[in-house]
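Alright, structures below, take your time with them.
The two complexes that follow have chain A in common; it is paired with chain B in the first and with chain C in the second.
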Partner chain A sequence: MTIFKHQNRSRLLTMLLMAMIAFAIELPSAWSQQMVGGRKYNSGNQFYHPLNQRTPPGVAGQWAAISGQVQAGYIQPMQVSLPSKGVVTFYAGSVDRKIQKASPAPIGFSVGYVYRIKISGMPEFPGVELYPTIELIDRLHPPAGLAETYPVPVSLNPEDIELALSGRMVTKVVYLERPQTAVPAKFERQPTLAITAKKNLIAEADLLGRPMAIIRMGGRLPSTRGDDPAFFGSGAPVVELKNNRTQN
Partner chain B sequence: MKYYFLALGTLVVVCVGCAADGQQVIDKGNYHAPPAAMMQRPGPMVDGPGPGVLQMLAPPPASAFAARKSQVRFVGPAGMKVGWQVPEGYAENQITAPGRYNFNQGATYRLKLSNIPGRSIPALYPSLQVYPSHPTTDAYLTHNSIPLEITPEDLDQVESNNFVTKVIYLPDEKFQELAIAGVETLVSTRLDPGVDPVAEADRRGTIMAVMRMGNMDLEMPSGNPGNEKVSQVSYDGDAGAHMPPMPIPGNMIGVSTGVPVPSMVGGMGAPGQPAYNPIAGMGPTPAWGMTSTGTPIGLPGPPHLPLGGPASLKSHTIRNRSKVNLPKPVDHFLVDVKQNPAPSLPKPVKYVQYSETHPVHSPGQVSYPRTMAPGPGY
Partner chain C sequence: MQRICSAVAMLLVCVCSGCASFSPITVSLPWQKQIPEPTKEQSPAVQHADFDTKVGAVHLSAPAKNANPASAVQQVAYYQPTPVAPPQRPPYCEFSPAMKRDYVLPAGNDPAVVQMYPDEYLFDGGDREHPVHYDDYSRLGLDTEDTIVEYQTHKGKQEVKKSNRVAVYAPRFAAIRSASSPIAGTSVDSLAKTEDTIHGVGLAARTVITQHKQREQLEGIRMRSRASGVETEQRQGAVDQSAFISGHTKLSNLFQDTGTKSTGQFQQSDEARIGYQIQAAAIWSRTQFPVIAIRARSAHESKRAVKPEEYIGVEDKRKTEGNLKLIKLADKKNAEPGDVITFTIKYQNIGDFDVDGIKIVDNLTPRLEYVNDSATSDRKGRLVVEDNQEGSLILTFEVDETVVGHEGGTVTFQARVR
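On to the complex of A and B.
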């Protein structure tokens, strides 16, 4: 009888110790899971996005260049389109070296830089001049020799221009659609999705595809008294494209 | 039975030892990156390697595009003339509303508003405090002007001997009503009594400019002929004479003008200097690791940085052979002063504890666009 009691007690003790061993083995992973999901700002499996539409101009491009994920300095063909007609002015290195093109205007921008451009001569907005910026944060990978045929399209709508003229700031992110979710249709105009200010524009674009460029437009004009070199940026390289062969 | 428990205990120790390698007790294994606002700014550890090993074709620092001047747009009333204080007095009629001007950030200016349509006020002398740009307002100030409108209600308040404070700020996302970013203006006369419009605007967003306006005439003759200044120079914008505004000093120690200085402007803080953030790589501050001292023996910079090659010049000696006869400097100099009554102040603060708590994001919790994600190079 005594031996039987001893055996029961030792079994109970063994089970208890085995449970402690199992708990000790599972402890680190359980603890780390609690760290992952246990914070309020990250509840609901939401990611933290360091970049958003309020990030100062140039930061996203700089991060892209430093990360090494994109070929910094690569000349990416772009195409800037206005509502109907108009003139797009690019600044090649300085304010004095202008390149003027009729809309849709092809141009080559370097990845990782911010460019100031001028749009003017729009028949819908007579006398209006605006100075949006384009921050190029990624590049396309077209077949060899067809880079100019597939530029990154930058389209400015009449609604964007009206909002900028009313004193507001318009921020657009051009992204390359995911092939799996892209709509297999040809659009007359570049399709645009509008989101609320409370959402993160870059994160939304990253969700839908690959962010290529950030376009910001407001009503600020260059100073009329003296030079205003800071307004036009750092003098990033601009390459004038001779061919206007585009395929969207 | 003893051996049984001994073996079981050994098994427990071995299993626990394998599961917890000691790091959990001593080192939690967490590595915390600086907060996002700090990572947006270049500096040690957060902005890549130093200049000696920086990649070629890398773009300039992001600060190259940062707004150092804020463009203030005087919306109305249409036809109002805007002048400002200059060293010789006041430059008149520099701008006619609606018009705009680029003011250096981080400074306070004394404006002169005249020819106000429909009013018999000779002139108003408001102060305009232009705040330095902030990471949250940088993009806006680079692309937009700050609208400043003097409304009829403001003029009524000023004529009634009231003091009007207008704060123009960019609201945070949670306070934005519309989808497109735009500024909002808080006016002291529309707030409840006792509510500070500057503090309220600071709570709702980021302040870009503050205008304070009363009806004090700052060009009134003092009444003492001996103290009156006669300006030989006048600047009339209507006649084509333009002069940039002169920043006015704020509430420095010993000087009280009723105009507070902008908060958080580093550097020398001298009036008239553009906003200066003493952060490595920002504005005039050299990037981290850049040499700042030229040494005559061939070393290009601080010895702890891998800059340049080994020194070629091994010695550099200059000997002064001039015969000079200079008296030895005084080694002890004594001046006895006595102030009666002597100053007696409370003990100064000798201990301040300041702690910050930042959110922690492990690699699995942070999402970047593909091009910015840390990983192998291109």
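On to the complex of A and C.
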């Protein structure tokens, strides 16, 4: 009986020791993560990214809102710009409530939602109408009174539209550049880095900066056989803004 | 007694529950949860009172009438996760017109927000990451954004100080794109659009270790020593030496040697001399006693006290060592790409003694481009510009003049936001 007790005790001590070793192994990896901007960044991008460009629309924003990473419902000013000219149509809840703006079009979107927009009237692509979606997953924190001066820019360039017209699904992640590792050059348009679709787009954007919005653009059109309210979003709030910015 | 009390209590409960409609005082019990009447939610026309509709076209859309989870058809057509709690109105709009707000946001950048979201700001100044330090030949730890001052105190000590950190709100965005085809297993990869953001020059060093063999062979040395058959004979010869000590007698009587020539003639002239010599001999012949001379010597101690009567000179009231304080300022708190920011660096010697060899070093962040010939200084010196290998420049202001205590100077330069 005594021997049995001793065996149990030694087994317990062994398990305790193993648990301590496992904790000690995990501890440095937890320390290596750096808390910047309310998000956990890892210098080597070694941690697992559950989200990618194939994740259904809305999941990334919903996770960001649930986790408290962003303030749910915050209205973030956006700016949608087309290659040169054109019309951007926003849907404030339903297809009947349209807000049409000339490019570059300012708009206020709520963080954590997916919005459907329509782009048309582009002189480079006559007669083309595309319906991309914008999923806002993060927000900016500007000084007081400067939120409209610094919107999150969504720039659709000709390559994006050509790829979408050729039948491909274009996924873009707009990210906030990290100033220390930013490209030391001035760009007239938003710099776009193209990578293979096999890679995790969100993970790559997270490595370069802070992902702010996911834009998905394909050849899908709304149904012509009747109303398709779900196509135009879930009725998230849309705030119309004035045109006060001209540059991209 | 207990039964009576419980019966009374039950009776009271029955009366209260049964006569609730009659009694003006209603008692709500926990199990009497009143279900409120379903109120029809109506979306207000203007849901945010802070917006100024007169200023511009401010339109706030109404939320969806059906905020419940989407129907099955909707999920098939378009997957839209239901928000956790659909807000009735935007809870926090920072871009509302300020005059309509019932609260006042703090002016400028909130330090807590700056610390929380540093990726939205351009920084210049301070000492980021590794602190500046030195080895025998070079300066180490000067990262981008760092601004330091090097100087020499009157004691010859080399000092380095960092400036404060200036934050300018200037977020910049970029995009990353992938295009996929609905056909599984194919992808479109546009390599022509790939931008390389890495500016480090790859240095491949290869060291081949050459094999070096050294072989030492011991040569056999044989030494043989033989006992030689040399016989030495040593004979002890008998030496006889006879020494005879000869007697030597010397008799000298100086007193009697007067040098008088005994010529046999006694002259009169010799009489006096002989007489004197006899007298002398008589004196000398007296008992000679030792004469002891005693001389006393005493050590003298000398004491001297020098007391200055008058001290003439200039009193130096300076006490604290020279100490430079570096303050950096920017003329903008927020900027956009293309804007020019004027940075002002003030240095002040808060110590008493002079400082020399002032060098103000500013390593610009990659998004700041130095505007040529924009540097100014109110003291004599020069500007040295060098590449920081990260796409920007290191500006070094070398001040030739000596900065006395409690004085300072100012240098300025301009940088364009990329």
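Keep this in mind: the second predicted complex is superposed on the first by the 195 of 248 C-alpha atoms of A that agree within 3 Å, B and C clash if a C-alpha of one lies under 4 Å from a C-alpha of the other, contacts with A are read in each partner's own complex, and residues count from 1 in each chain.
Heads up, the rule we're going with is that contacts are C-beta pairs under 8 Å (C-beta built on N, C-alpha and C of every residue); 3 or more make two chains touch, one makes a residue touch a chain.
Just so you know, these numbers come straight off a predicted model, no measurement behind them.
Engineer: Applying the touch criterion given at the start, work out whether A:Leu82 contacts chain B, chain C, both or neither, answering first, second, both or neither.
Structural biologist: In the superposed model, A:Leu82 contacts neither chain B nor chain C.
Engineer: Looking at A:Val238 after the superposition, I want to know if it touches chain B, chain C, both of them or none. Which is it: first, second, both, neither?
Structural biologist: second
Engineer: Just chain B (first), just chain C (second), both, or neither: which does A:Leu17 touch?
Structural biologist: After superposing on A, A:Leu17 lies in contact with chain B but is clear of chain C.
Engineer: Looking at A:Ile117, would you say it contacts chain B, chain C, both, or neither? Reply first, second, both or neither.
Structural biologist: Neither partner.
Engineer: Where does A:Thr196 make contact in the superposed view: on chain B (first), on chain C (second), on both, or on neither?
Structural biologist: In the superposition, A:Thr196 contacts both chain B and chain C.
Engineer: Looking at the overlay, does A:Thr171 come into contact with chain B only (first), chain C only (second), both, or neither?
Structural biologist: both
Engineer: State whether A:Ile107 touches chain B only (first), chain C only (second), both chains, or neither.
Structural biologist: Touch partners of A:Ile107: none, neither chain B nor chain C.
Engineer: Based on the superposed arrangement, let me know which partner A:Leu146 touches: chain B (first), chain C (second), both, or neither?
Structural biologist: second
Engineer: Looking at the overlay, what does A:Leu221 touch: chain B (first), chain C (second), both, or neither?
Structural biologist: first
Engineer: Please identify the positions on chain A that touch both chain B and chain C, taking each partner from its own complex.
Structural biologist: Looking at chain A, the two contact sets intersect at 36, 53, 56-59, 62, 65-66, 71-73, 110, 112-114, 163, 167-171, 194-198, 205, 210, 228, 230, 233-234, 236.
Engineer: Show which residues of chain A lie in contact with chain C when the two form their complex.
Structural biologist: So the residues of chain A in touch with chain C come to 36-38, 53, 56-59, 62, 65-66, 71-75, 77, 92-93, 97, 99, 108, 110, 112-114, 140-150, 152-153, 155, 159-160, 163, 167-187, 190-199, 201, 204-205, 208-210, 212, 215, 228-231, 233-242, 247.
Engineer: Where on chain B does chain A make contact in their complex?
Structural biologist: Within the complex, chain B touches chain A at residues 1, 4-5, 8, 11-12, 15-16, 18-20, 24, 36, 39-40, 47-48, 55-69, 71, 73, 100-102, 135-136, 138-145, 147, 173-174, 176, 178-183, 242, 244, 359-362, 364-378.
Engineer: Within the complex, which stretch of chain C touches chain A?
Structural biologist: Those residues of chain C that touch chain A are 56-65, 67, 70, 73-74, 77-87, 89-95, 98, 105-110, 113, 116-123, 144-145, 169, 171-182, 187-191, 193-195, 197, 199, 333-334, 336-338, 365-367, 369, 390-392, 416, 418.
Engineer: Within their complex, state which residues of chain A touch chain B.
Structural biologist: Going through chain A, the ones touching chain B are 6, 10, 13-14, 17, 20-21, 24-25, 27-28, 31, 35-36, 39, 41-42, 47-51, 53-73, 110, 112-114, 131-133, 137-138, 163, 167-171, 194-198, 202-203, 205-206, 210-211, 216-221, 223, 225, 228, 230, 233-234, 236.
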